[in-house]
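Each of the next two complexes has chain A plus one other chain: chain B in the first, chain C in the second.
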Partner chain A sequence: MGLDYKWVLWNAHKKTYDRLILLGMVTYLVLFFVLSFLTNPEIIAETVIIRAFGSLAIIMLHIILSIGPLSRLNPRFLPLLYNRRHLGVSMFLAALVHGVFAIIQFHALGNSNPIVSVFTSNMDYGSLVNFPFQVLGFLALLILFTMASTSHDFFLYNLSPKIWKGLHMGVYLAYALVIMHVFLGAFQQDTSLLTVLALFLGLLTLVSLHLKAAFKETKIDGMAGAKDTKGWLAVCHPREITESYAKIFTVDGERVAIFKHEGKLSAIHNVCKHQGGPLGEGKIVDGCVTCPWHGYQYLAHNGQSPPPFTEKVKTYALKIENDMVYINPEAFPEGTAVTPIYCGS
Partner chain B sequence: MKGENEFYIGYSGEVGKETKKVLTRFVWTAVFVLLIGVFLFGFLQQPAVNSSFDFGDPTQVSGVYHESPYPMLRVQLSEDEYKEIVLLGFGKSGPNPFLKDLRKKEGVLHGKQMTIEGQLIYYNGKTLLEIDDSQKVSVSGKGDSIVPSSLGKATVAGEIIDPKCYFGVMKPGYGKIHRSCAALCIAGGVPPVLVSKDENNVEDYFLLTDLKGNAIHQDIVPYIGQTSRLKGAVEQLGGWKIMRIDISQIVKLDSESSIY
Partner chain C sequence: MIAGQRRAHKYIWIGILAVLPLLMLLAVKDLDFSTIRVSRTSTGLPVSVSLTGQSISIQVNTPFKSTSSLVYEMQPNGSRGVVLGQLEGRGTYNFPVSEVAKGIYVVDPIKDVELLKMEF
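Presenting the complex of A and B:
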């Protein structure tokens, strides 16, 4: 959490994370260059640069896209999510080197503008096999640029989390464009069955992980009890909630987290104001609900971030009757204090 | 679940034991994926041919200039041996912008002895020369020009490429990946060349002209970088074959190019 904007709020974990990214990228590129020139001595450096950075970006994109669902399936993966934006920006830089070199190599020094040439030098838009695949890569690069250039809390705050999140969901469109770019480009000419299979396997892995994570989410959405005569919703027994943790329920289409802190229950909206993290999968640390994604904190009884921070989430009224926890589906405005209810254990 | 109470907060500096284990496994998996990637994308590349582009290493070449259909220099290698070097311009252009000043000064250049300093491109017995500076071209007298001889009519299947990239500047300088570049080169004044390969992997090259023997550029762009079948009258011009074609009669073939 921060009160002002800095380029990077460095800490030990981010430094380790970035060192590993750099080490992985440099190792890949060095190995690619050595292997290329040893096994293919007539090849030229420009081709190796384009291929090395392009393939590195694709592999990194697969790794990035696996982190989200893995973290949903197992919270032990959450440290990977914490600094994922640095991985994303690094992947964009690799894709940018690939794109810039390809545009210089194939489109510069001609009789038209290189960017215009990307769109006009092959006009077979009606053909699948002859489709101008470079256009697909260019559009993917534009999406990745938009994402990389807004990968900062300054843009998250100023664009609003909803718009920012929507913008960054563009990574899936970019992934689809990249896959088509490769299948309609490189794989039309320099094909090896193993590389085609590897990309299929990557696609299959990502689809499976996302489906599995989505299935887990639907289980949460199904966790809603029957309403009593006054419209309150029965959700669980008090003992089902572990001290300092929460259970998540869906109340009138909204996810709500019911936390237990020092034997008392409080309910807040489940969505973190920072990046939409699931607060109910967090923990109460130093008396505050702590988001599992980036550690943003809220007080359970009023949904407010502790001063001097200003984030606020909606709160809900709870009651216990006949050893059953009931929640009033009508939320209070963000930051409204609600007295926690004592549940004894 | 083991380590259930572990809770990671990025800025706190603490990582639980079970979390560390999971992260270590992930990092090693990522390393494995990267190594597999290096092997697949690095090792399984198609071998590049031994074509050459003497970039940054200019050569001075003297010979008799031949104007049509595409500028060439006929260079005498020994008493009875000649080589016709196709002239090209800098980047994706033909040689004419670099010969403009000389034409103004000397008039018709065809048949004149010329000395050019440029960068050689060569592969499989064919040589081309990139001119990147009009000041490095000079004329010194008259010489013997070449006369084409007819080889009859032929139908040839192959791929239309730009010879600058194919014979050395790029590897690979053909196919779909390179198609945009080839289109720009040919539209910019580089002569189009049909490459065919027989069952013994022996390649044959044809400089393409229209039916009247004039240079063609922009009109042939839609057919570049794809397998096609062309037919026309073939002539021998020194070391090059020239095929006169009707562009509208080119047949695109939906098959993989034999030069891949």
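Presenting the complex of A and C:
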């Protein structure tokens, strides 16, 4: 969370993770180069570069796509989510090296524009196994470029979180394009059961994680408490909420986090204005609700970020009757102050 | 994430599960994953040969001195079959072969000299 824009938002944690990313990438590339030349001394450097960076990008893409659901299934993975953007940009750079070298190697020596050549050197668009697979990789690279170039908070703020998130969900299309790029390209020329099985296993893992997380969320969305005669929703007993933490409830299809701070309860919309992080999975730090994803902060009683920040979320009215907490499903406008209710424990 | 985004994520991954494995299977169903049937290598020979399914991989370690070096498929009766391709400098050459191929010949077509005969 910062008032001004910086090219790269680095802090001690992010620097540590970035070093690990760099170390992992360099180690993989060195191993790939050494093993390639040991097992096939005739292989040319360009081919090894194309293969090394391409396979590195695919492995990184699998890791990136697994971080989201892992974090929803187990909060221990949240630090990875916090650093996912730098991993994504690093993955794009690896894919870019693969793409540039492949275009130079296979399309730069003809008499047509290399980019045009990617689309026209093989016109068998009606076939599956002979489909021009390089087109798929090129389109995936364009999507990854769009995502990497708009990954900065400047674009998040100016595009709006909803549009930004929608744009970045293009990574799923990029993943499908990359997989088919490999299956219709590399695997047709250099058949290896091991690598084919590895990508099937990767797909199975990703689909399992995402669907398990999705159905867990659907189950939470389907939970509905009893309403009293005035339409207020009974949600829990006051003692069920731990001091400085929250419980998350579904109210008319949306998630609401009820926080306990200094023995008083306040309810705010659960979705962080930054990147949609689950505020209710965070905790109160220095008197502020702190998003577990990127540390954005809000005051629990009015849903506003502390000055000079301007982010606001919706607030909700609460009441306690017969040792039961009730919430009014009608949200107040974003940033509306609501007096916290004392719950005594 | 807001409720709409959660739903979108779920449907996208159900869609990926429904479509992508099918396309992956169709892409590889006709590939030959068989392991190496025969491998011939010797320090005395200029080439190493591996037969995998219906393809042959010839590793040229020492280039032939002939002007041209053609690879022929050896038929079951031992005679020369179709031309598989041409060997040039050092490197690996991959050619498709028929199931009945018994071996290969490497021939200098200009002098019509047999440079190498290798039976699987």
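Keep this in mind: the second predicted complex is superposed on the first by the 345 of 345 C-alpha atoms of A that agree within 3 Å, B and C clash if a C-alpha of one lies under 4 Å from a C-alpha of the other, contacts with A are read in each partner's own complex, and residues count from 1 in each chain.
Criterion: contacts are C-beta pairs under 8 Å (C-beta built on N, C-alpha and C of every residue); 3 or more make two chains touch, one makes a residue touch a chain.
The shown structure was predicted, so the numbers you read here are calculated from the model rather than taken from an experiment.
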Inset, instruction - Quick one: on chain A, after the overlay, do chain B and chain C clash, or do they fit? Just give me the call. - result: clash
Legend entry - Residues of chain A touched, compared between chain B and chain C (which is higher): B
Inset, instruction - Applying the touch criterion given at the start, work out whether A:40 contacts chain B, chain C, both or neither, answering first, second, both or neither. - result: both
Inset, instruction - Return first, second, both or neither, reflecting whether A:163 touches chain B, chain C, both chains, or no partner chain. - result: neither
Legend entry - First (chain B), second (chain C), both or neither touched by A:26: neither
Inset, instruction - Report for A:129: first if it touches chain B alone, second if chain C alone, otherwise both or neither. - result: both
Inset, instruction - Have a look at where A:116 lands relative to chain B and chain C in the superposition and call it first, second, both or neither. - result: neither
Inset, instruction - Tell me which partner A:104 touches in the superposition: chain B (first), chain C (second), both or neither. - result: neither
Legend entry - Touching partner for A:271 - first (chain B), second (chain C), both, neither: second
Inset, instruction - Look at A:188 in the shared chain and tell me whether it touches chain B only, chain C only, both, or neither; answer first, second, both or neither. - result: both
Inset, instruction - Could you point to the stretch of chain B, among 27-35, 117-125 or 225-233, that collides with chain C in the superposition? - result: 117-125
Legend entry - Residues of chain A at both interfaces, chain B in one complex, chain C in the other: 40, 42, 129, 188, 192
Inset, instruction - Quick one: which bits of chain A touch chain C in the complex? Just the residue numbers, please. - result: 40, 42, 128-129, 162, 165, 169, 172, 175-176, 179-180, 183-184, 187-188, 191-193, 196, 199-200, 203, 206-207, 210-211, 214-215, 217-218, 221, 253-255, 271, 276
Legend entry - Residue numbers on chain C that touch chain A, as the complex places them: 1-3, 5-6, 8-10, 12-14, 16-17, 19-21, 23-24, 26-28, 30-33, 59, 90-92
Legend entry - chain A residues touching chain B - in the complex, by the definition given at the top: 1, 9, 11-14, 20, 24, 27-28, 31-32, 35-36, 39-40, 42-44, 46-47, 51-52, 55-56, 58-59, 62-63, 70, 74-80, 82-83, 105-112, 117-118, 121-123, 129-130, 132-134, 185-186, 188-190, 192, 194-195, 198, 282-283, 285, 290, 292, 294-295
Legend entry - Residues of chain B touching chain A in the complex: 3, 6-13, 15, 18-19, 21-23, 26-27, 30-31, 33-51, 90-93, 170-172, 175-181, 183-185, 187-188, 222, 226, 254, 260
